[in-house]
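Here come two complexes built around chain A, the first alongside chain B, the second alongside chain C.
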Partner chain A sequence: MKCRKCSQKAVINMRQHKLALCTEHFPEWIVEQTQRFIQKYRMFTHQERVLVAVSGGKDSLSLWDILWQLGYNADGVYIALGIDGGFGYSRKSQVLCKEFATQRGLKLIVVDAPKDIGLTIPELAAITQRGKDKPCAVCGLVKRHILDRVAKEGQYDVLATGHNLDDEAAVLFGNTLSWNIGYLHRQSPVLAARHAGLVRKVKPLCRFYEREMAAYALVRGIEYIYEECPHAEGSTTIYYKTLLNQLETDRPGAKLSFYLAFLQAKEKGLFAHTEEEGFGAGGETLYTCPSCGGPTTVEGLCAYCRMVEKVK
Partner chain B sequence: MKCRKCSQKAVINMRQHKLALCTEHFPEWIVEQTQRFIQKYRMFTHQERVLVAVSGGKDSLSLWDILWQLGYNADGVYIALGIDGGFGYSRKSQVLCKEFATQRGLKLIVVDAPKDIGLTIPELAAITQRGKDKPCAVCGLVKRHILDRVAKEGQYDVLATGHNLDDEAAVLFGNTLSWNIGYLHRQSPVLAARHAGLVRKVKPLCRFYEREMAAYALVRGIEYIYEECPHAEGSTTIYYKTLLNQLETDRPGAKLSFYLAFLQAKEKGLFAHTEEEGFGAGGETLYTCPSCGGPTTVEGLCAYCRMVEKVK
Partner chain C sequence: MDTVKIVLRDKDYEVKAGMTLRDALVRLGINRESVLATRNGELITDDEILRPGETIRLVAVISGG
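Right after this comes the complex of A and B.
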């Protein structure tokens, strides 16, 4: 297989685009496409301050690398969660994020969640009801809270995450299986800030397949943590990803067209009218947490502050 | 496993309902549930004349059997399509439908499609562009046309088909993968007549799994054709069914909850507002075919009459 642009040996063949590219033109293409998506979905401008949530994985570090190449004003934030899994998952990830930032002269904010809460995520999960059932739910709550807080405190305009197409398609698949209109309404490459305690959230990699991001990180020589979070094993999202991978193998491009057709249907007004009708489709009232100033769907402390209160 | 109602040996265990039933109580339950669905979705009353489309398969013959037991005024219609497949598919099916009707003293209308058109379905598929790509599309067009015509000519109030949950979930899955809003809008247990040449269409078995209908036919001693239509092999619908079966195996009840959550979301107004906005979501103008008087989406002959004209 040869590169479409220069006839050198291709490093990747993207069947859904009928496009094969070499080690030089593939990363170039990824960067150009990301810029296209940033503009198409009006994610942010060169004048705005971007905060990139980095985990040490290939997606978030590649995203930061791309935004850096595109000349965006993008700092990183890493949340130490205290997850070990027998191989020092959190510690390793943090080192990789720091090295990445140092190599490029970028600013990395590190937040130590266990210091904030008094417990690591696995400890927190073990003692809360929510965490016993779903440790990832507790972790998600903590991360969302900290990311919003850091973004607000640092006066960033936008928070960017490295979610790729496989992530988005799996979430969409789950929300479609249950026809969760509220979640379907909110799933988007850009989520506007609905409360003073929130910033705009964007997913510039939402149209790239996971394998494309893995190839990008490889070609660009980005060192990232290969291991999945040890708690993710057996998760519903991974199950849906496996099912969608099977569909993709049988029908190349199915995952991308599923996601893009959804975005188009939304653009045409699907889900738009449901807000007023009590679906809670992104239209529900948000209160302000008296402790952290963040948003909450019920009056009083937000879910994060309630949890921290309990623990302490 | 014992029957929930009488402690006899259960013939089926329906995990999604946490319900096991014996050979006596299972068919009773199916009949009662069908009556519940007929009322819930306002399909038809005992005063209305029902036409059941029978193919000789387990679903449609079981449906006719259930409606007969429930005392509905239900005649059957069988369309001979001239499909052989090396084992006399159409011929066999017709014999089974006739025997079924005779045993119960029911009226069966038989329509000979090849006589109407001048060609069998396989012959027709072979010479039309539409049929070369998708023989099932030609067959569907012919069947829809004939069923509507027979229902109108016989002054039936409603046309009932034997689509089960597996059929409906597979169609829904396909329409969701492509986010086809028009099709999603129209998919329903009851489809109102949108044109003078159409009758109301209903699917009383839409909430039963295929295996439940197979068990019903077995327990009731209904003789049906086991073979699938030889042309269905490799179809997209069968592919989606396989994928959904895998999901169902891993998450019992997933297929039913996918379909029911969709119906609930629709009831709450999802897709309802899209009609006015040019989605063609069931709201497009229907013209009248000058030849057959049936509906057509373009002015002039309908797709069926155009095809027959060409052939002749």
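Right after this comes the complex of A and C.
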């Protein structure tokens, strides 16, 4: 198969776009498209300060690499979670993030969550109701809290995450199966800051397939953690992604149109009445946590502070 | 040696040379959307014909918790 642009040998065939590209033109295309999405969804400008949440995985490091190439003012933040899984998962990912930043002369903020909380994520999950049998729920809460805090304290304009189209389609699929209107209402490439303790959140990779981001990382020689988080094994997200890929195999473009048609429907007013009808998660009142100053949907301590207080 | 070794994570598979990578993946029950394939460290598309004696390394692309 040949590259559409130069007739050299293609390294990837994106069937949903009927587009095959070579090792030179594929990364160029990814960078150009990312810039297009940043502008299309009005994510941020070159004058704003961007904080990229990096995990050591292919998506977040690729995102940071793309923003760096595009000349954005983008720092990185890595959260050490204390997950080992028998192969030093957190330690390894931190090293990869540090090496990535050093190679490009970028600033990386490292937050040590176990130092803050006094427990690693698996330890925290084991002793809290929220984490019972599902450390990912605790991990998500801790990460969201720390990312919001670091972005706010560092006076960043925007927090960028490496969510790709497969991530978004899997979430959309899950929320559609349960018709979770509140979450469907909130799902978007850009999430406005609805509280003084939050910054705008953006997903510049939301229209790229996961396969494309892995290919980008390989072609660009980005060293990422190949091993999966030990707690992700058997997760619902992976199950949904597998199902959607089966659909994609038979119908190229199915994942893309599922997600894009959803965004278009939202633009045309789907869920427009959600807030007034009280479905929550989009328009409910946000209170301020008296301990951390972050947002909370109930008066008093936020979910993070309540959890940490219980274990201290 | 008219076989090809295909490696995915810690699993090794063997298929006959001469078929396309796409056919090999179908035969092995591996979803083409869930992997990338490399030959000598270079990415290849799934219309490539597999050569006798070579090793194709697959990179799993799905992640998420």
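Rule of thumb we're sticking to: the second predicted complex is superposed on the first by the 310 of 312 C-alpha atoms of A that agree within 3 Å, B and C clash if a C-alpha of one lies under 4 Å from a C-alpha of the other, contacts with A are read in each partner's own complex, and residues count from 1 in each chain.
To be clear about the criterion, contacts are C-beta pairs under 8 Å (C-beta built on N, C-alpha and C of every residue); 3 or more make two chains touch, one makes a residue touch a chain.
Computed from a predicted model, the values in this text were never measured in an experiment.
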Of the partners chain B and chain C, which touch A:Ile181 in the superposed model: first, second, both, neither? first
Once the shared chain is lined up, is A:Val308 touching chain B (first), chain C (second), both, or neither of them? neither
Counting only touches as set out at the top, which of chain B and chain C does A:Leu51 meet: first, second, both, neither? neither
Counting touched residues of chain A, say whether chain B or chain C comes out ahead. C
So, does A:Leu81 touch the first partner chain B, the second partner chain C, both, or neither? neither
Just checking: does A:Gly269 make contact with chain B only, chain C only, both, or neither of them? Give me first, second, both or neither. first
Partner chain in contact with A:Gln246 - chain B first, chain C second, else both or neither: both
Partner chain in contact with A:Ala261 - chain B first, chain C second, else both or neither: first
Just checking: does A:Val150 make contact with chain B only, chain C only, both, or neither of them? Give me first, second, both or neither. neither
Residues of chain A that lie at the interface with chain B and also at the interface with chain C: 246
Which bits of chain A are touching chain C when the two form their complex? 1, 10-13, 20, 23, 57-59, 136, 139, 166-167, 170, 209-211, 213-215, 218-219, 226, 228-229, 231-232, 235, 237-238, 241-242, 245-246, 248-249
Report the residues of chain B in contact with chain A in the complex, numbered from low to high. 176-181, 239, 243, 246-247, 250, 254, 257-258, 261-262, 264-265, 268-274, 277, 279
Give every residue of chain C touching chain A within the complex, in rising order. 31-36, 38, 42-47, 59, 61-65
